[in-house]
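Data first, discussion second: the structure below is written as structure tokens.
We just call them A, B, C, D and E in the order they show up, numbering each chain from 1.
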Amino acid sequence: MTAETLLRVEDLKKYFPIRKGVLQRVVGNVRAVDGISFTVRPGETLGVVGESGCGKSTMARTILRLIEPTSGVVEFEGKNVVTLTKSAMREMRREMQIVFQDPYASLNPRYSIGKTLLDPMEIHHLYTPAQRKQRVAQLLDKVGLDPDYTNRFAHEFSGGQRQRIGIARALTVNPKLLILDEPVAALDVSVQSQVLNLLSDLQDDLGLTYIFVAHDLSVVRYISDRVLVLYLGHMAELTDADELFANPLHPYTRALLSAVPVPDPDAKRERIILKGDLPSPANPPAGCPFHTRCPVAMDVCSKEVPAWQEVKPGHRVACHLYQ
Amino acid sequence: GCGQGGNTTGTQSAATGPVEGGSIVLDTDSNFKDFDPALAYFTTDTEVVPQVYEQLVTYQGASTNIVGDLAQSWDVSKDGKTYTFHLRKGVKFTNGDALTAQSFIDEFERVLGKTGVNSPGEGFIDPVVVGATAYHNLKNKTGQHISGVTAPDPYTLRIQLNQPQAYFLDVMAMPFFSAVDQKYINKVGNAAFDSTSMMGTGPFMASQINANGVVLKKNTGYWNKDKNGNALPYLDQVKIRINKNDQVDALNFEQGQTALLGWVINGIPSASIPTFRSNPKLKKMMQTFPENANYYLGMNVKTGPFRNHKLRLAMEYAINKTKLAQLSAGKDVPANQDIPPAIPGYVKNLPADVSYSYNPTKAKQLLAAAGYKPGQLTVTLTSQNSGLAPTWDQAIQYDLQQVGINCKINMLNNNTFYTEGMSGSLTLFIAGWYQDFPDPYDFLMLLASNQAPSNNMTWYSNPQVDAWLQQLNTSTNTKQRMTLSKEITVQFLKDAPWVPLCFSNAVYAIQPWVHGYYFSPALGDPLQHIWIDKGHSQTG
Amino acid sequence: MSVNNAGAAAPGVSRRAEKSRLGLLWKSMRDFPMVYVGGFIVLLLVVCAVFAPVLALHNPTTQFQNGLNMDGTPVGPSKFFPFGADDVGRDVYSRLIYGSRVSLIVGVFATVISLVIGTTLGLISGYFGGFIDTFIMRVTDTILAFPFLLFALALVTILGSSLTNVLITIGILGWGVMARVVRGQVLSVKEFEYVQAARALGASTPRILFRVILPNILGPIIVLATLAVSQNILTEAGLSFLGVGVQPPTPSWGNMIYAGVQDYQFAPWLMVYPGLALLLAVLGFNLLGDGLRDILDPRNATH
Amino acid sequence: MLSYIIRRLGGALAVLFGISIVTFILAYAVPSDPARMIAGPKASLATIMAIRHQLGLDQPMYVQYVRYIWRLLHLNLGMSYVYNLPVTTLIAQRFWPTASLALSAWIAELVIGIPLGIYTARRARRIGDYIVSILALVGISLLIPWLGIVLLYWFGFKIPIFPLGGTGGITHLILPALTYGITGAAAYTRLLKSSMLEVLRQDYVRTARAKGAAESRVVNRHVIRNALIPVITYGGIDVGYLLGGVVLLEVTFNWNGLGILAYNAISESDIPVIMGTVLLTALLVVLFNLLVDIVYVFVDPRIRYS
Amino acid sequence: MENVLEVKNLEIQFEINEKYYSAVKDVDFFIRQGETLGLVGESGCGKSVTSLSIMRLLQDSAKVSGSVMYNGKDLLKLPESKMRSIRGNEISMIFQEPMTSLNPVHRIGRQIGESLMLHKGMSARRARQEAIELLRKVGIPRADEVVDDYPHQFSGGMRQRVMIAIAMACEPKLLIADEPTTALDVTIQAQILDLMRKLAKENNMAILLITHDLGVVAEMCDRVAVMYAGRVMEQGPVREIFRNPQNPYTIGLMNSIPKLEGPRTRLQPIEGNVPSVRNMPQGCRFTARCPYVMDICREHDPGLLAVAENHISRCWLHADIDADTDASKYTDRATEERHDVHSHAGEVQ
């Protein structure tokens, strides 16, 4: 483990059991996350993209052990998070924080903003009460909210403001790693750009490391250093952001890129429209998980799982086209 | 009027003779439990059982005079220890079996536990009847007999007693000692006979028994005739409905749906009495019968504060009995002793020192004399949680508070009350006693030491009284017995283990078209003499 | 209708930020007038209970000779007995005033007991799920399937009858429904991301249960609790009726009503006045509960 | 689904077992002797002891319990101490009257409570809502014995449209059902109102309106069914209350049913009857709640048990 | 070509604490037959309430004034029963949330068939047949089987297609689509938009497409109306608006879009927030966030001004005025001009 690595995820799997019968026997699994490995360096932003339901949130939550992983290793600063005791885990949570997708659901409607921000510091016994108050004001300022708002409740804020509160809450405990689970998916463009700017400012100021989950590639492009593309719980592609957008290899990545509507009425791009819906992770197709929708599927795709290969330096992909 | 004495007759029609036919409906507010005569000891049951079963002797009309029933006549030996009953011939059970002396012997054996029946009647013949104790104690009773109960011939029944007993015939009038058909019982089985398949020689037979009530049908082969020679009973059918809400029962009566109100429900419900009184039409239908029952406030003389005689005397003066009587909607009358006025042995003129009256000042003095400062003593008054008790409890509580005694109230259900009472653990309680038969002994025996703590829940014990009671039990001399009654009464009032509270009365309402009803002194009111005007037949 | 508050916090309105929560509550009260009515009624009852000695005309336990007619029936309303006399000659009005004490205590405290038990078990059951959930729910089923009467009679017979024991009995028997409802609510609330957020922040389980989830399910709990208050007042009445309620001669509306049911035909005041008092309490608590629920529901706070 | 039902029945067995133990303990904890009840108020101690022995009451409690359960496994509920009849017979005699009484009382609650709930939801925060809601609360505040007597007095006695109490058919059922309905409807009204208000703000209600459906159709087809879940849940719980409280109806309206049987058994320490009726009630409540869970599936297709 | 819908002077007020606040005011736009009009703007600017007011689906707490002319009838003045026969029949609507806009307890087929039964008097069986047909049309495989499924058995994309099927059932003249793809991910969004385009062409149907995604607008729309804080800020052909935005708000909106191509420069959001309904500024509603703000902006609302053919914008910048002139005059002028623009716009094509 080099000092260059803050987080190392190896062969992470999360299967949700499907139970049936009198005895509640497990008859199958929803393979939400099925063997994901990557590393994150301090100070970098790893973007994670993929269709809805492909396991992004599950991956994020499993890394934080909000859901217990089925198997795999999550190493944070050299410590395996998966095997920590409950109290050690609570301690560890200070280091790794999460910002949720839904700005409406992730704030407790009964808490004032002040309480929302004070709570984590109380939990971890950080600072004196006076310092905490001060810090709340600082943090609100930092995320661009008027410190006067401390006595207000979540429902009094707009989506963008709520998302900022969510970010401020994650920052209260001075984490090193921030996992952002689709933090802008619910926001409109103008607010979205406010939040994205805020995030990169914070990264510059505080030296944070981000894992940025999204399904919108244009958003990911703005914030990420490297991008991981997931499909049906599997890794499809992982490379530098610029490389990915300039030179997408995986057919799925290409489809994804082409599907993003371009705000230019004259842009006539060829759109790859995928057939059908995402297959169910409870019953994933044999072979390459993408072959059922893949426009360039070959015979081998339905039989063999493509290997995870480094096709170019720093550009990995799982696709038979490149085997 | 089970277990309730009385001598007032019901309405009689002078103009026309009794009309035959028709049927009536009656309401009762409690469930029937058991119609086995050996077991029936519960008010509702003992009202029904005598309509179907008959005994050797019974009371004449509404009087306390014993007359023959299934026994046409009887002889008593000089020493008063042997009774020979000559049975009526040709009497048949409703299934056609003939009545013989064996029908009674079978029942005696049943009462003494022959078929596993645990009869409450057992105590009335054991140990009085010769051989009863021995028979009762036998493990295996098959082929065994009670030596004192024999049948020299099929129509003669001889009963021998260990000692004379003045009220033995009263005992024989109790439904426990009815004639039963053992063959029939064996056929239907003991359990079924107990509860659903009664069968006797009486004026009625059961045509339907279920959770909603009982339908009694005329026994067309009934032996008895009225004084004009007409066949009894007059009615074709009596339907008895179990209706728990006595207020609704009252409304049913007002609507003319039932013939009597009060039968088996202890009179018109007190909540309805004011309504009846204020309605002239209904008021005319009301009749009051003394119930031959007392209520008393018992004090535990063995443990607790009431060991103190002065305190007990204070209690005698502290209670405002007039108010208690008033609270019963005026049904009851204040009591000054154990025996109700209609029972022989009632003491008309009590000596002044034991005729206690409400006198709070005196009570306070006595309380001080007993060594208690006002407010220093706290007692717990236990009562059952039914009927008037909650009201009386509070009236008594208030009276005691007025003289400086704090009182807590503890209301228990009937069974818990008696379980606790009979273990002798109650300090102060309201209890009552309904007569079994119109004899002073039935009331005074409550004071015997050997009854403590089960019937004598105060643990009262006075050797002198015990001796007198023994004499009262065995003496056959009426005059001597009356003297003994008085002596016991006076002594007991002096010792003051009780505060006699009230004697109770039953207030009934009878439809004007119902005739021939009377309130029986000790048994269920016989329905066989009732007849109704034409056009009033009820089917419910 | 979801209210979009995108612009709610524009700088122009920040002066409202200083307003205290109490102020907000007060403001909400203006939007929910029924809560006023409810609150006023409850306050009135509390005043009755506290100032009973001042408000009553007579000692509530004095049995007046002139309270009963010759035939033993109670006398009706008059100057001396504004609401008539009861079956042993006490002043119904004064008893009514004093009765508010027991009724309020039973209504409120028994509810609190079942609230505490039911809420705790419901929270635990809903949050942890699995075996714990199954177990607690089976116990709840047992409580719910158990005939109340038997339980109450037995319990009070064993414990003896006193106000405390009545409280305990009613409280212990009342938690089943609470647990069920709370569990159902927890099941839906625990899926919200703010619960996960609290976990991600390292909050301990009790903290999540009582400080995160609980405040968010208060609405239905409050409504249930206020309904329970009135039900418990009635239950106390039922127990009094069976002789296992509060000690006589202490008045409670319950025992007054039940005593009056019997005599309703000739002394309607015995039951009508305490019945009205009860109705008032039921209305008061329920209106207050409904109002509080509405106020606490963030969706209703349109500012 | 079937396996779910089987599992739930397993749970029901556990519940019944628990209830049987608690009931047994409680029945014994009450200081009241069944033998005394049987022997009558004037029996001698010896007789009482004999009875105790005969009934096995002199055995330690756990022995009695085990015996009871053993007999229960053979579907033998024992003999009533008081009535000398098999408990099964006593229950069988009273089951249908009580079942029909309870069922009609329950239906009355629904028939009164649900329309009022719909009404108050549609008129929320308007005068009609306030009036009906307050009336419903007035209903809660009325006592069954009192309301029962009043109804009997007016509609059975003064204006004799209905029979003056007693077991019987439809006409006998109307007044008791009405009594229970009036006193119990408020819970349904309130519950339905709040859940309907919740549903009314759902997007799919707007969708229905956007299709051009009339308001009544929107409410009847799209709102009520969705709002019914909490009402059904309460309905299940309410059956428990109802079976526990049916004694009041029975006493008031002169129905000699299971409620009275159970109530008397308690005061008479008739343990086999107590056990029998409590277990039967519990079984019914558990079954009803199971039924409720099954009904969910039909009301809301999202709910699936496996 | 004819105007299917003409909205004039639309004002929507909400009652909050017994006071009325205008959430939407002076909104004018029109849609021609077969045309797609995009209605864009930030979250909370009044897009949804505008569309709902056209359908008359707003709650009682809202007061709507102005006129909504549809085929010569003012929908706002129509009796409810007439309005019902238009809803779902001639004008249909697709809502923002596919997950919650379907009734969870009714079968898909029933929900699609409902409007057919309501408006076309079809029997339940015919309606079901028709529903299967519609499901096929919106590209759902195994339509004859899934017609009896419940919404929860469908994925988000499928549900949104069902919503479209419901809206298309009676072959409406006008489809109002309120953010039909916001909740979906891009690949599904692409499918849905494709489908809508196809169906509109087939039926010569006009679409009012509400969204805040300018990418979607660029792909789908013929013309665009940009809303801000309850007002239309700019309106014109889609190419005009994208190539040559005139209103400072539109410009800001365009700038804040993250792009898929080109250098990754810092985004340029519009600072600040939309004012709340209760605190609308007196003059131009964009003043607080406008980089070009002038004094007059704070005092008076500019009104819509023509900036090019078919292209109008609400901004004082277009009004060549001195700050010291009498503002009311200009307001009048602005109003006149607006009417000009309108009639002018009506003549084109």
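The rule we apply is simple: contacts are C-beta pairs under 8 Å (C-beta built on N, C-alpha and C of every residue); 3 or more make two chains touch, one makes a residue touch a chain.
From a predicted model like this one, the values you see are computed outputs, not experimental measurements.
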(request) Starting at chain A, figure out the least number of steps needed to reach chain B through touching chains. (result) 2
(message) Which chain has its C-alpha centroid farthest away from the centroid of chain B?
(response) E
(request) Starting from the mean Cα coordinates of chain B and chain E, work out the distance between those two points in Å. (result) 91
(message) From the mean C-alpha coordinate of chain B to that of chain C, what's the distance rounded to whole Å?
(response) 47
(message) Roughly how far is chain C from chain D, centre to centre by C-alpha average, rounded to an integer in Å?
(response) 22
(request) For chain B, jot down the residues that touch at least 2 other chains. (result) 247, 412-413, 416
(request) Would you mind listing the residues of chain C that make contact with two or more other chains? (result) 1, 4-9, 11, 153, 157, 264-265, 303
(message) Quick check on chain E: which residues sit in contact with 2+ other chains?
(response) 42-44, 273-274
(request) Show which residues of chain A lie in contact with chain E when the two form their complex. (result) 51-53, 158-161, 187-194, 196-197, 200, 215-219, 221-222, 241-242, 245, 255-267, 271, 273-274, 276-278
(request) In the complex, go through chain C and note every residue touching chain B. (result) 61-63, 68, 70-73, 87-88, 153, 157, 160-161, 242-244, 247-249, 259, 262-266
(request) State the interface residues of chain D toward chain C in the complex, per the touch definition above. (result) 11-12, 14-15, 18-19, 22-23, 26-27, 29-32, 130, 134, 137-138, 140-143, 145-146, 149-150, 153, 187, 190, 194, 201, 233, 237, 240-241, 243-245, 247, 262-263, 266-267, 274, 277-278, 281-282, 285-286, 289
(message) Going by the contact rule set out above, which residues of chain D touch chain E in the complex?
(response) 202-204, 206-214, 221-222, 225-226, 299-302
(message) Considering only the defined contacts, which chain A positions touch chain C in the complex?
(response) 61, 64, 66, 90-91, 93-94, 97-98, 100-102, 105-112, 119-120, 123-124, 145-146, 148-161, 166, 169, 172-173
